[in-house]
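First chain written, first letter: the chains are A, B, C and D, and each begins at residue 1.
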């Protein structure tokens, strides 16, 4: 049977999930130079908010995304000043300071998550999860799971919205100015404090929505945040740290490697392959696949 | 005439499409002081970086003591006798003045003890001995420029590349530094010096190379070069020519 | 450098604090080494609740009666953090500093394999209510016992049931997650399939935490009758969801662990149907016990009242591990604290133990590949969702006989 | 990563080769050093955070390899015969740690090597002009830091008697080390040690008295880290040093003064990096 189309499709669909995992993370790094260790925890919290909202309202998880975004945008907006304090001023090595601070945040969230949600896996039911398109013609077949397709569509939508926001709006111009030069952006009238808060809010919001998505497609436990932190990290490094346009391609690349490797080469060696590829790419081009990182 | 120590042949260095240095050719004799001048952005520091190995030349060759050293990394050049200073001074701010010089001496004298002895001699010579225990970060600008020279000297170079070691100093300090350079010249060390202040160049140099937009526009005795219309045009604009 | 500092200080401090623990009221000090944090915390917490339930009931009754006097039990926890090295450290701390009389064992095989030698070193008997990897019992630890039979003892039972389906399955795909327990499960599935003349078309050990959807697409193209998967709880949930998403249902989907777990059923809802699994205990089982709980139903009711959940076999096995200790120490008639000779004697008693509990019979094997595992039990095969035993099947009797001559 | 190499060297040699423990320890250090050399050569060309990410990826790859290979026992790990004598290991560790501290002290404070390292840390271009080959010094330091870790990995394997890919190549210890480094102050020898004492004492006390609230431990640790970073950016030790120095006034600083502000300069380097690159 001809598997290749299916394998490529599966890779792309996995990549779609990786896009949403990594894109907010990349945005925050690009603008504020923060490596947020808690990214996986935001994803986890979002998943659980989605789970409970779904339980109370019975609405489909995709319909709940805006609510989750608004709630976590608020949380991110409120937390950002603390992070800003850590990475600014006369402190040694702001990058490391930010990393350790968010590591602390991660432990807090994980601890609270375990206390409140318990240890078990949860997953959000969705009508979409039970259906798929199936094309079959002789040896050729292709299954398109609706829920994953919706995930990819969501990823593309998020990417386009961010792109539009950064390139076409005044706010976006301010953000880009801020990313390039903090002081002169301030002189030109960009309110860096507010802009940073909004960007961080957007990032936390996107991550939380990703959580809902992940919990619908896979499942979630309060312990699992770390896995997504690693994924976000790898995608962003492949894309080039802080180079936003690279994220979707890096995510798809990673998804395809995984998918092709697990089917055609050796299932056991899949993760090994992912790490080796990451290492080699770093050696050849430290600034990511496109050489455009920070 | 003494033997040639440095031979710069048709050296080109481009960044992207920009020719920072374009076909520069000159020789430097043993014991000679060569001035390298030109307006801002003429490519002087880039040429320095090419000669001292920080950038490989895009085209052309550099020979030092008859040996092709194009593209050889800086630390190897330092070991075979090319010392340099930086326009933006690069002391190790967390280390003391003495330690700064010891590091340079390590290249010639393997042990720390021997290198320290050597460093004291150098510091006596450059007049920094009384500030030896000071942290390099706490030196005045004049002190830091002098430390740059001390470090380069500690390598016991046969060729010294000095990048604006006088610029920014007050007249008294400047005179002291010029005096120091003349003393160094007295040891027979070849010197290639970049400087904006004409007075310095005219006093020190045996010959002068003039760069403008990366191009070599003149080469010769200071007095001749000063009269060269192309040089005057480069420095004072079209109207003066 | 930093790691080195950390380890040295750990060592130095553990030597310093070793002498600090003084005499207290006579209680049985029981160390509980399990993963309360880290990736295996879900299972770790299940074991913790099982042990806790037992200790609570013992202490409610005033303690364990030894020669007419009652001695309460005190549980002292050591968090294995889902990491063997941490388990060994925790065991070391419990043994050297807390001077425990007895230990109740960890969740997951890797962690047990790390803790067991340490306890062996200090001659402290341990009964574990989890850890189903055959590896543990192959190591033949003198001081380690387990109430759940290893997966190669139980795992084949479900396959035996599947083999009786009509029409009989012919082709299988076996996958295991790459951790000690899951890999052992997958190996058992593979070996049993071969024994039952079910052709294993594909056998793979995959790194844990992978998205298996592309793999399943490939498997689907092979159209196996059975998919057998060895893995931990959330991996099982993901696999079922992945199959659902690509709209593929093999005749039978076999998983060993977790199919009877309420979380599994809750997370998957209807999708949990068609999943087969093996287990050794359910709350509906008919058992008769002497100590504390008269039957499975009363135990389940107790757990429900205390934690609001339905106990699974791991939790029950953990409470039963406590019962095994209780029975053994009562037979021995030794009051706390136990000295080294008494601990050795306790091992002898445990080896000869043959009791009936709410969990079923407990009788540890003396030799062979099931050395010190509880082979008194009869494994059951399940179909999930209803979590009702399909039938009770003896495991391959030949093996069974060899282990208990 | 080098910890795992040391641990697996000892485990494989003792278990499959039947070697004596004492012989395997130096080999653990040696293999860690060799690996550091071959890894360092290409990886050390990378700057700052990219280097960290590169080694991280490689450590994860090694972990996967240990999970897959047969010689390492795969996910089942390796078990060594237990040796009942904690003080034996205590002296081994003390010896290695003491020896390492002494060696580092000599190399960094007395030998030319220390000056070269500091020169590169402060200004790489400046150091190159003085005849220092940065790649060489970096690889040397990398190997030097890997060897003791490999030795400790060897000892650890026999002490704990069980290793598997997660414990040997896991990052839990690394995380803690980062935490301790920052709690205790960065860029000093003593800072991490103080951080380790505090974290360890806290952990022990917590386990002793609040064993039922393990999850709380995560939260408290998280809060402690966050508060330290927020209010004591130089770590406890660094804050102490700063306080001591400022109360002494800005007098001449001695040569061997621990450099708390190293990170500020490295930050400048980071910012400057793209221009040189």
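The definition used in the following text is that contacts are C-beta pairs under 8 Å (C-beta built on N, C-alpha and C of every residue); 3 or more make two chains touch, one makes a residue touch a chain.
Please read these numbers as outputs of a predicted model, since none were measured by experiment.
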Quickly list, by label, the chains bordering both chain A and chain C.
D
Does B-D or C-D have more contacting C-beta pairs?
C-D
Centre-most chain [mean C-alpha coordinates]:
D
Greatest separation from chain D - chain, by CA centre
B
Taking the mean of the CA coordinates per chain, how far is chain B from chain D in Å?
41
Using mean C-alpha positions as chain centres, tell me how far chain B is from chain C in Å, no decimals.
75
So, in whole Å, the Cα centroid of chain C is separated from that of chain D by 36
Whole-angstrom distance, CA centroid of chain A to CA centroid of chain D, is 30
Among the residues of chain D, which are close enough to touch at least two other chains?
64, 68, 178, 215, 217-218, 261-262
Within chain A, the set of residues that touch 2 or more other chains is 114, 268, 271-272
Where in chain B do residues touch at least two different other chains?
none
Touching pairs here come out as A-C, A-D, B-D, C-D
Inside the complex, what are the residues of chain C that reach chain A?
37-39, 41-42, 44-45, 175, 178, 204-207, 209-215, 217-218, 220-221, 233-234, 237-238, 241, 244-248, 263-264, 266-269
Residue positions on chain C within touch of chain D in the complex are 1-15, 17, 36-37, 76-79, 81-86, 88-89, 92-93, 96, 109-110, 113-114, 117-118, 120-122, 133, 135, 139, 178-180, 182-183, 205, 207
Given the complex, residues on chain A that touch chain D span 35, 82, 85-86, 89-97, 99-101, 103-112, 114-115, 233-234, 237, 241, 268-269, 271-272, 275-276, 278-279, 282-283, 286
Which stretch or stretches of chain D touch chain C in the complex?
3, 64, 67-68, 74-77, 79, 82, 84, 86-87, 89-90, 93-94, 96-97, 100, 145, 148-149, 152, 156, 160-164, 166-167, 170, 172-174, 176-178, 180-181, 192-193, 196-197, 200-201, 204, 207, 211-212, 214-215, 217-218
Chain B residues touching chain D - in the complex, by the definition given at the top:
52-54, 73-76, 78-79, 83-84, 86, 90-96, 99, 102-104, 106-107, 110-112, 115, 133-135, 151-152, 154-155
